[in-house]
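Below, chain A partners chain B and then partners chain C, in two separate complexes.
Our next item is the complex of A and B:
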């Protein structure tokens, strides 16, 4: 089944008009370079929202602003109705924003399972003394979270590599483990930075299927950056297009596809 | 029997001295595991902890506090000093360097070393201060078995027991707790750790605090043995071969490495010394480390680094 067919059959998805995250007039500068210039858009609860644009358009910078790695000089970011000024990444995480990275960022010294378990860090509550002894409340806690991680592992079909140190895995699987770690956080908003970069066709199809499944099964809102236009057009409900830090288009895949500015940005235009 | 007795005596005193090397090496391993930073300041932290402890004990004794109360208060005070040190290092030295490469942070710890050494001596004085926390006399064991028995320093035994307990506690902390898992995560990748909700500044504070407390324990034992003085910072140099032998990332490695170095140098001194000249003790550890580097660059227990090309 192609990704298109999957999305068409996915009419059970809970896409709403409720705005989960709103970015308003955000400007981000590094010294003299303006990475993002007055960009506004919103992400609605339950949708798959794509951010596309040529290299250097400010897509990853935008994700970094949303999850608190960067602090924009101007503009506002409102998440779950709350506008924030400076937010630190671990606070973003505790509010339900999870992400993956463009260049896989896993904990290479640990196994797949341990990597995924770090995603549960914020949910674990037993105190440190019980934890050290692995008794009482800590044991119950560990078992409960381990069970959840096993569900994620089943879901993403990575049972076989559960105990393998992630440094030894091929790239496609590492990307999948990274997605698993993000899912273990039970996020409300999942940011995926080029989830399919460097994958072969088969791996891309798998990843597409997982992204759709995550959105359908868990109702997770997803914002993704991707260069493969076919994938973007198939997966996403709405697309925002950036170029040189500015927003040049925003709308459904069909609207964006036929937008002259977008065509110019991608194909180049003679001046 | 005489032969075996003296061999055992040398071996045991070497092993127990090795435990003390392990203690210093442990501080390095902790910080390395949690931040990927080779902490050049560990020796300075031992000095700071030792000075804070010995000077507060002197002060308290001078003001007529009973012995045990003075010791408790002295340790609490020194612990607070180490917490303060951890706070400042995290806030002003490492905090601004999150997501920078390990070499940058290593350089920063060299800077921190001089500041800590300077401040410690400025605040607490720069002489040699005797410390008497543990008994320094010796047992004679196994008199029935060996002529003359085996001489064992009580201080060394204390050191061994304390180091053993510390290691067990630390190993459990790293392996089983979510904080331990978070520490390992931070060591591997700052950005990824932040993205799953691990507050790096807090983790770094915790790890520098733990390293500071390990430094305090090391200072208490070494201080009793040698007196608290500036030369205690050179202990950090002895920890280097221990780390290379045991592996930079392994808590048990630090212990085994320390034992090998301690026992090895004492045995070499006694049994090789007469043939190739004395003073082996001073360089033996480094030669051993060199040999390990050639055979197993990651150390006996270190993680093997696999690099994709």
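Our next item is the complex of A and C:
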């Protein structure tokens, strides 16, 4: 499926009741620290699911469990109907889980275009001997995937920086390139870890627009960690709230906003 | 204003992805290749200016070609994949000795002497095999620790080729001589012919290396180098990326080793591939530019030219200095340059070249 086809065909959002990912009773410890403590929630196909909570609540750790970078000591993760005790990173990637990082984790020595092209790695098939010659299947791969990446570059409006080494880009653009790289994987589930942290208002608005557009036009399911409550309330279908590694609330933005425990957690009421 | 891409529009992605997207660069490279393959050999044949004796050809040009090839190999591993290696000399040695074994035949398994090109390629493949083997620790350790592991490879193979007589066909002196250099039935004997062989290998493998680093596998190497965690979460497998870098890198280094032994030395001892060679190659890629094929050439040229420059210049100025001073001076300059480059311009000469070109594109209007 090409990106433009997707853009033309799907304009309405397709939030379903089908569960794409379910996390059950996940507990993750680092030595004495319990980063996640018996948390369960699910993500439905097509929705934007926010994960919020104060610093150190275990949000990033949760994403790391979902894509197999951390292995929880207890609990199960069910993705696309398959239940696992632990995910493995490249399995998660090949099954369509992509992510961005809280602290930008781009490949700094490479250009924007090459960064995005790495997102296509798993979809390229030419063997190393064809690549040596850069002919036949290898050249076909390069051209086909370049075309796909160019569509994403258009989509995220980063045409002007495609040949710039990403290390030289300002922070806001780096975040955008990181999103582009994740999108190049054509993910079914996109994990965004604070995609708007450190951005100014205008950049935030752009990023919000891109997230909504990705969800709408590609039908990508999104799990979003974000601190800006306004953004969370506007973007997300459902919100899960973590505090000290535990889940304290789960529901629509309105339900969560009026939940006493959430208000306490955010206003710092003593426990 | 001669050097511009103005008016050169790319109408397809294939066009945009060629090695030298700017037409002037392309013409420049064709000219350079024409010069190297046609003009220089003619000059050599007629003993024009620098080729009045064979000195320039044998002591500078030939080593430059072969060490550039080795530097490309080192750069793939160190510059592109970010895996530091101090064992390059060992992989050159494996290439040289195994090419020798295949070239003289391995009677124990009834293998007759192989044609020289095949022997050289098999030498490269043997180096690739041991490269992968000694690359295995890279899956667990990084940086300094990996450097030490590769250093172990260096000392191990130094010892093997000195002590295991099988590799030297039980020659009492321990030194071995290259088999007859028959390339496709044509006997290579003169310096010009050696030059052509080395140049052909270099051109071929430089192109192969360039194709790899700008393709899928090259992006995987660089991704592992720049941010291994992110790479892994994108489905790049560190095992495949790192070991393929070790394999390709040692293959090319092994070929260079075989060429060094056969074309440059003719007769050699294990000492020819000791730790000093490893360090020299590492200096070449650091000074020339980590992660740049062009940088490998620049680094090799610099390191080979410096001692000559240091000998000739003071002599011209009437300040005679001893060879000993030259070699000390050389170490001082290498040391200083490496510190300077690592701190100021980690991408080496290749980056300076690129900056120069960007300036030239703007010239004469810098804004």
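Here is the rule we go by: the second predicted complex is superposed on the first by the 258 of 271 C-alpha atoms of A that agree within 3 Å, B and C clash if a C-alpha of one lies under 4 Å from a C-alpha of the other, contacts with A are read in each partner's own complex, and residues count from 1 in each chain.
Keep in mind that, in the parts below, a residue touches a chain if its C-beta (ideal position, glycine included) is under 8 Å from a C-beta of that chain, and two chains touch if they have at least 3 such contacts.
Predicted, not measured: the structure shown is a model, and the values here were computed from it.
Novice: Superpose on chain A as described above, then tell me if chain B and chain C fit or clash.
Specialist: clash
Novice: With both complexes overlaid on chain A, does A:236 touch chain B (first), chain C (second), both or neither?
Specialist: neither
Novice: Tell me the contact category for A:61 with respect to chain B and chain C: first, second, both or neither.
Specialist: A:61: touches no partner chain.
Novice: Given the touch rule stated above, what does A:168 touch, chain B (first), chain C (second), both, or neither?
Specialist: first
Novice: Between chain B (first) and chain C (second), which, if any, makes contact with A:147: first, second, both or neither?
Specialist: second
Novice: Applying the touch criterion given at the start, work out whether A:90 contacts chain B, chain C, both or neither, answering first, second, both or neither.
Specialist: both
Novice: Have a look at where A:221 lands relative to chain B and chain C in the superposition and call it first, second, both or neither.
Specialist: A:221 contacts neither chain B nor chain C.
Novice: Just to be sure I read the superposition right, which of the two partners does A:112 touch: chain B = first, chain C = second, or both, or neither?
Specialist: A:112 contacts neither chain B nor chain C.
Novice: Once the two structures are fitted together, what part of chain A is touched by chain B and by chain C alike?
Specialist: On chain A, the overlap between the chain B and chain C contacts is residues 67-69, 89-90, 93-94, 98-99, 101, 105-110, 114, 117-119, 121-122, 124, 128, 131-134, 138, 181, 185.
Novice: Any idea which chain C residues touch chain A in the complex?
Specialist: Residues 12-14, 17, 208, 211-212, 214-217, 219-220, 222-223, 225-227, 229-237, 244, 248, 291.
Novice: For chain B, which residues are in contact with chain A within the complex?
Specialist: Per the stated touch rule, the residues are 169, 172-173, 176-179, 181-182, 184-185, 187-189, 191-200, 249, 303, 306.
Novice: Applying the document's contact rule, which stretches of chain A touch chain B when the two form their complex?
Specialist: 67-69, 88-90, 93-94, 98-99, 101, 105-110, 114, 117-122, 124, 128, 131-134, 138, 167-168, 181-182, 185
Novice: Touching chain C in the complex: which residues of chain A?
Specialist: 67-69, 89-90, 92-94, 98-99, 101, 105-110, 114, 117-119, 121-122, 124, 126, 128, 131-134, 138-139, 141-143, 146-147, 150, 181, 185
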